[in-house]
Amino acid sequence: MAIITLTTDFGEKDHFAGATKGAIYSELPDVKIVDISHSVSPFNILEAGYIIQNAYNSFPKGTIHIIGIDSEINEENKHIALKLDDHYFICANNGIMSMICSEIAPEKIVEINIHDKIQTSFPVLDVFVKVACHIARGGTLEVIGKTIPGIKPTKHITPFVNDDKTQIIGSVIYVDNYGNVVTNIKRPFFESIQKGRSFEVSARNNKFKKIHNRYSDIVNFEIPEEKRHDEGRGLVVFNSGGFLEIAVYKSNSATVGSASTLMGLGLMDAISVSFSTESMLPKSLE
Amino acid sequence: MAIITLTTDFGEKDHFAGATKGAIYSELPDVKIVDISHSVSPFNILEAGYIIQNAYNSFPKGTIHIIGIDSEINEENKHIALKLDDHYFICANNGIMSMICSEIAPEKIVEINIHDKIQTSFPVLDVFVKVACHIARGGTLEVIGKTIPGIKPTKHITPFVNDDKTQIIGSVIYVDNYGNVVTNIKRPFFESIQKGRSFEVSARNNKFKKIHNRYSDIVNFEIPEEKRHDEGRGLVVFNSGGFLEIAVYKSNSATVGSASTLMGLGLMDAISVSFSTESMLPKSLE
Amino acid sequence: MAIITLTTDFGEKDHFAGATKGAIYSELPDVKIVDISHSVSPFNILEAGYIIQNAYNSFPKGTIHIIGIDSEINEENKHIALKLDDHYFICANNGIMSMICSEIAPEKIVEINIHDKIQTSFPVLDVFVKVACHIARGGTLEVIGKTIPGIKPTKHITPFVNDDKTQIIGSVIYVDNYGNVVTNIKRPFFESIQKGRSFEVSARNNKFKKIHNRYSDIVNFEIPEEKRHDEGRGLVVFNSGGFLEIAVYKSNSATVGSASTLMGLGLMDAISVSFSTESMLPKSLE
């Protein structure tokens, strides 16, 4: 049976997520419902895009993803369903999907029109659930809407590169549960600009000359544990999603601090990478 | 197979919700368990009542709802199970069900007595799970307790109307994830008093003369998007549950502010509606 | 079909928990996944140990528990799988399991070595899921690693007792959703030292001479409800897990206060119990 996932800004307390699940089970008792997140910051398109991009492809092909962020329909905010990478996504056409679509072209996008007569202030429940169940039963996208050529773009998903390719200026697009600060600079993009040159990552007045693969790469295990002072040290990694991330080793925003709290980095803040102007060197990253 | 839902104040961190699910699956491996909320404010009967009222009827008939708020048994706080609207509810007799019961009469209420010998400090696990599994197996309420005629009432669920019906004084009964402020004034009740008259909603020093059906009704889409200033504007809607709600367009309590933070409205605060004393007019609402 | 539970510090917002569930369903569509907690404080071994110890044994025998806290592999932090009390646990060898193992000896512990070639910064997804699915399919622990004799210990799980057994000095190991403060003093241990003597529990400058079984034991139901002042009163209970807990009746850290906020008690703070030096008395506890 199909899997339907939920990514919303409903929060953990309100009845919205529970009601949505009830409505799905009322239509399809045997479907599997998986919460991806209900704690997206209210109306935050960029966060939602990051979360769904990093979660969706762990699910089996054919999974249906409901994304309930800023989904009230109006003349500028239409509902869409799309097929991409053999997964289905149902959301408002508000930019949420533009991060994924910038990497993988959708196979099909439709603007949902089955609900032209539904007056609703809870579109996830009244519209998205119906569309998801239609797809879960094997229904096609054509039945629920008219094909459209593209989706609404979002800002801040692509970093800027200067003309002589000596600098990348990226933005913070996500702050995770550990207070680590994720940028929109992805590893293949970084490496395509770097071409083996040495570099310096700048985040406010913090500078880093190395990008790690694991957080504990900064620990010197030859020093006895009680003499180390690694907790709280800043570092840069490519995270498990391939994004350049400013991190703090064993961070906790509520106690010892984190990249976000210690370095004062928040959503939309600039992170830059400067490359050496020396002639190309053998690949030195890693 | 039956669905069992959970609505509690256990929070997201503690082991209580997980242990409860484990106990249910130990009895009934094929049952479906759905979390409605574990983030009800500790001991908050009114919040729990609002959440369960708005979530339960999206679920299929026959669903069993465990509500674990203030459920420690003592001589004043007995455990009950009841059937209402073809759903089952298991909770303490502390007023949680009075909001639902004020609208729909229960078919049957029993005071649970199967546990007279159970000494427990975790009644959801030790009592409610057993009762829920009994019902899920098709057991009757009569077996688990003695029928009682009614439940314990709660305060604050009914708004006040003055004698000449020119004013409703309601209370804030819930603040949702968007900081929107929900009152105990429901649409049918409002309309039965309004009878088409013009009106003014007052929430502290904020006044509103219109009640919308959608949040984006306040947006003038003829103005170019970059010249609009709608985010952060206050409005009044009947929300998806039919409750009069003071909202802020695209609110976020943590960043731009919300009805709760910007207008200083919290649980139990008064919200009033004054009606024109002019003679009745044609129905003007919406 | 098997049950796989998840206990992590991933938080409620990030994609990590969702991605993990997607990966499990991709391997085993019919398994049941249960969230125990994703809100363990980041890197907090002690909290994770407390939560899993109190949740696991409500689940059926054979359940597989993934614990994703501080699980990045390095030369000092290996991955282990163990069988204990007919349950399976998969985690880093960082002390999480030492609280449970101090009470119940594991039947088998292996250090996982199937992933020697996996370069990962998301070990729960890339390693723990594979091990869990292997066990869920009926695979043995021997296949996935080499047997090791014991696990890494944690501090603070055993209270201190003085030589003449007149005092126990315990530590706060957990603060729950109600702000109640849980110590590492368990009931059987307490009673083995107490031997029926009268006692005094000290938590900062708060003193208690009685340990209750229920929170509402402090209420005198003979006084009319409107004349009682029990909400906000401190008390000591043995909680549902058998741990000595400093509590406040009907507490809420965000509003009326809790044991943690009102008494200023946090993780690792000392809680002491002094026993009367009088000759042994008949058992007076409860």
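As written, the chain order gives the labels A, B and C, with residue 1 at the start of each chain.
The rule we apply is simple: a contact is a pair of C-beta atoms (placed from the backbone, for glycine too) under 8 Å apart; a residue touches a chain by one contact, two chains touch by 3 or more.
All of these numbers come straight from a predicted model, not from anything done at the bench.
Asker: Setting subunit B aside with everything else in place, what contact-connected groups do the chains form?
Answerer: When subunit B drops out of the picture, the chain contacts still join everything into one piece.
Asker: For the two copies subunit B and subunit A, is the contact made of the same residues on each side, with over half of the numbers shared, or of different residues?
Answerer: different
Asker: Determine the centre-to-centre distance between subunit A and subunit B, using the mean Cα coordinates as centres, and give it in whole Å.
Answerer: The computed centroid separation for subunit A versus subunit B comes out at 32 Å.
Asker: Pull out every residue in subunit C that's touching 2 or more other chains.
Answerer: Residues 12 of subunit C each touch two or more of the other chains.
Asker: In the complex of these two chains, what residues of subunit C are touching subunit A?
Answerer: Contacts found on subunit C: 9-23, 25-26, 29, 33, 41-44, 70, 72, 74-77, 119-122, 125.
Asker: Residue numbers of subunit A touching subunit C in their complex, please.
Answerer: Interface residues on the subunit A side: 3, 5, 7, 12, 32, 34-40, 47, 50-52, 54-60, 63, 176-178, 213-216, 219, 221, 225, 237-240, 250-252, 254-255.
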